[in-house]
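Pasting the structures in now, so scroll down.
Next, two complexes with subunit A in common: one pairs it with subunit B, the other with subunit C.
Let's turn to the complex of A and B:
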């Protein structure tokens, strides 16, 4: 059964390699890529089923015992993130076949797409800190190629900036990992959690060293002040890949923050007194950092999105803002203990799920517009609702979910985030400390929600209402793309209507994220007994 | 020994950062390569050179009565991996720089479009 943890990685690795081998036969290559991604989704699905029904799966690579070899751990948290990656990946790859023109697909599009997925999957499954660095690099290597994919002046310039930034990020992560290895003497995350939980052990330096790794995670997630690569990279890369960037690879950064701080440092005594955080929280130092970065992301992303002219840039800024909505509850969780900590992580995971499917849908819809009209500039769009009512309703579902209208997925995301923030306010009000911080968080969340409504309305009115512009009249919306996306819109709708199983899955994922002892037993226990 | 390593890491980081802040893209790529190497030297020094015992070098336990000084093999494995990655990254960055130069007709990054 433990081999099941390997299945998603094997699926994409084999598909990527096969797609390279058959590159002389473009139709076959596309078939291999689509079928392989469906196989990947199947593997992720059966892994999720196994994790939910039978408990977490651990695979010791090469049969080496846990602290010495590399461990793959598929617990509920990893499975949850893999599930949303798989949903976005399937739609992105099928959409690519239709969207990317044939000659561009014949280059290395499909193999690179699979290797991008491989990097994300590996990062989500590994239980070893250095191995996490390696999977990050695999993921980045593929994403470099995609940012430079179209190869014009603007794309190569964006790619160079993206590469330079991420290589520096990689160097910082190496520094953090090396330092943590020197202080704890291990690289295995479960073993590190065990060493750090030991009272009287080395802890002081860990806070500073983890900050170096945190910078890399925040860079990957695109949190302010590490957000400046996002708009130019998202404008340069092919839109189906941007859907995967926004939906899946950004979430890997969020996942890594949750895994490192809540699971690995969960039992450590890293008590640094921080105002506004509960005294019992061992990672209170993370709270002001993440909350400030989240709040800044919400404002920068929201204000940026309101002022942009092209749809892809608007959604790129929107994703900076939405990542802020994920970071704030994680910060609240870091400041809290007990049930509020659980609620914070749960809110972040539910919002991450919503953002993955909703933003995936919106970026792919932007692709439909680019394909049909040749531009995504709002000043040159208008009246698309008259050209294709079906497509307009697909985009409407995405837009309403982003705003957070019930019963769509976005409503529950926002509900949980506001719930966590208001409970934090209640905790602060009940205690002796000042409530100004918690009140400010709530205020920014409301402002962020209002900005979301503003730019979603602006995108909708600019593109779909009004008279048809000349470009729209000449353009023709591809019905096959619209049919595909309407099934995706149905997924967004269904995940809001049938929300119960998703919140249960997210609940199990939050439990797994916070259960440090369980994680240590899972990885080290079985091998020792 | 650790002082020499610390000084080397410091000088490499300083020099790499200096190059990274140039306008000239080729110098920036050089800066990245030097930063990566600085991180590798740092990693090696993190493993430390320890007083050996039979536990740390089981292979030598039967042959040497006084063990020779040994370095931590784990960090060497890490550095080996990091060298390969930074080699690939530098090669890619150079190729991309050339392509970006062809498209933008200058290697001065401040003159590129936003």
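Let's turn to the complex of A and C:
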């Protein structure tokens, strides 16, 4: 059974290598890439089924037992993140076959896509802190290529900025991991959790060292003040890959924050006095940082999106804002204990799921527009609804889900985030604390939601309503792409209508994220596999 | 850089570097070394040849083949060979990692055995060498592709 934990990683690794081997036959390569990604989705699906019905699985790579070898851990949290990665990846790769022109598909597009996926999958599955760094680098190497993919001055400039920033991030992460290794004596996350839970152990330095790693995670997630690479990189990369960037790889940063702070540090007695943090929570120091970054992201992303002219830039800023909506409940969870902490993580995961499918759909829809009209500038778009009512409704589903209209996926995402924020307010009001902070969070969330309505409306109306511009009249919308995206829109709709299983899965994932003892038992207690 | 001093130095140093690279590669599974560091050293030797002579010296001078100067460097036969080496290496790495699964061992599992050869005595045969060979090919192929293409610009 434990082989299931390896299966998703093996699927992309084999697909990526096979895609390189059949490079001389472009049609075969496309077939391999699409089939391999479907196989990946199948592997993720059966892993999720196993995790939900039979419990988490562990795989000891090379037969070396934890904590000495590298362990792959597929618990509900990993499986949940893998599931949303797989959904976005399948649509992105099929869309690429249609969207990216033939010559560009031949230049290592498909192998690189698989290696991007491999990096994300490895980061989600690994149970080893240094191995996490390695998978981050694998993911980054592939994304460097994609940001520079089209090779013009603008793309190269974006790529250089992206590379420099991420190298600095990588160095900080390496320093932090080295420091954690020096203080705790282990790199295995479960073993580290065990060492830290030991009363009287070394803990003071851990907080500072973990902050170095946190910077890299926040950089990957694109939280303010590390958001500035997002718009230029998203504008430069091919749009199907941007769907994966926004839908999956950004979430890896969020996943890493949850895994490191909640699972690994969950039982540690990290008593660091930070103003504004609840003294009762062991990781309370994280709360003000994450909430501030999240709140700033919501405002910067929302305001940025409202003012942008081109659709891809608008959605790039929107991504920054939406990541803020994920960071705020995590911050609330860090400040609280018990059921509110659980609710915070649950809200973040549900929102991450919603954002992955919705933003994936929207970026791919932007691809359809770019393909048909040749531009995504709102000033040169208009009246697309007359050209293709079907496509207009596909993008309407995406826009409405982003806004949070029931019964779409986005509604539940927002519902849980507001639920967590208002309960935090209630807790603050019931206790002796001041309620100003919790009230401010709620206020910013409302402002963020209003901004989302503003820019979604602006994007949809600007592109689809009004008179047809000259560019739109000349352009032709590809019906195959629209047909593909309408099934994606159906997924967004279905995940809102049939929300119960998703929330149960997210609930199990939040349980797994907070269950440090269970995680330690799972990795260190199991017999040799 | 193509002075007499550089060329003479390269002539002496390149074989030494290559021998050290091979020995690092072969001992890598039980001592410091391995496919990566062996590969990087090999690349250093090739790069020294490139710097001391020129990018086409390997093809025209060593292999004694015609060089088509009109084509983009990415299409030169040596660079195409580097690319193939890279893909071959990756296939070897993945193949050797997966191989264990077929005999019931975990992914990436390695094993070793001792054989007795006349003259040499006990020799350790490790399956990790295959994995290392793959890494060696990936490193040499990948880095040399980058160096030749970027060097030509």
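Just so we're on the same page, the second predicted complex is superposed on the first by the 521 of 529 C-alpha atoms of A that agree within 3 Å, B and C clash if a C-alpha of one lies under 4 Å from a C-alpha of the other, contacts with A are read in each partner's own complex, and residues count from 1 in each chain.
Assume a residue touches a chain if its C-beta (ideal position, glycine included) is under 8 Å from a C-beta of that chain, and two chains touch if they have at least 3 such contacts.
These figures come from a predicted structure and were not determined experimentally.
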Fit-or-clash call for subunit B and subunit C when the two complexes are aligned on subunit A
fit
Just subunit B (first), just subunit C (second), both, or neither: which does A:199 touch?
neither
Vertex at subunit A, arms to subunit B and subunit C: angle between C-alpha centres to the nearest 10°?
40
In the overlaid three-chain picture, which partner chain does A:467 touch, first (subunit B) or second (subunit C), both, or neither?
neither
Answer with first, second, both or neither: which of subunit B and subunit C does A:167 touch in the superposed model?
first
Comparing subunit B and subunit C in the superposed model, the one touching more of subunit A is B
After lining up the shared chain so the two structures overlap, which partner does A:62 touch, if you call subunit B first and subunit C second: first, second, both or neither?
second
For A:24, using the defined touch cut-off, is the partner it touches subunit B, subunit C, both, or neither? Pick first, second, both or neither.
neither
Name the contact category of A:175: first (subunit B only), second (subunit C only), both, or neither.
first
How many Å separate the nearest C-alpha atoms of subunit B and subunit C in the overlaid structures?
5
Between subunit B and subunit C, which residues of subunit A are contacted by each of them?
none
What part of subunit B is in contact with subunit A in the complex they form?
20, 25, 28, 32, 35-36, 38-40, 42-43, 46-48, 74-75, 78, 81-82, 85-86, 88-89, 92-93, 96-97, 99-100, 103-104, 109, 112-114
Subunit A to subunit B touching residues, read off their complex:
130, 134, 137, 141, 144, 148, 151-154, 156-157, 159-160, 163-164, 167-168, 170-171, 174-175, 177-179, 181-182, 187, 232
Which residues of subunit A touch subunit C in their complex?
3, 6, 10, 13-14, 17, 20-21, 23, 59-63, 529
Spell out the part of subunit C that touches subunit A in their complex, as residue ranges.
87, 90-91, 94, 98, 101, 105-110
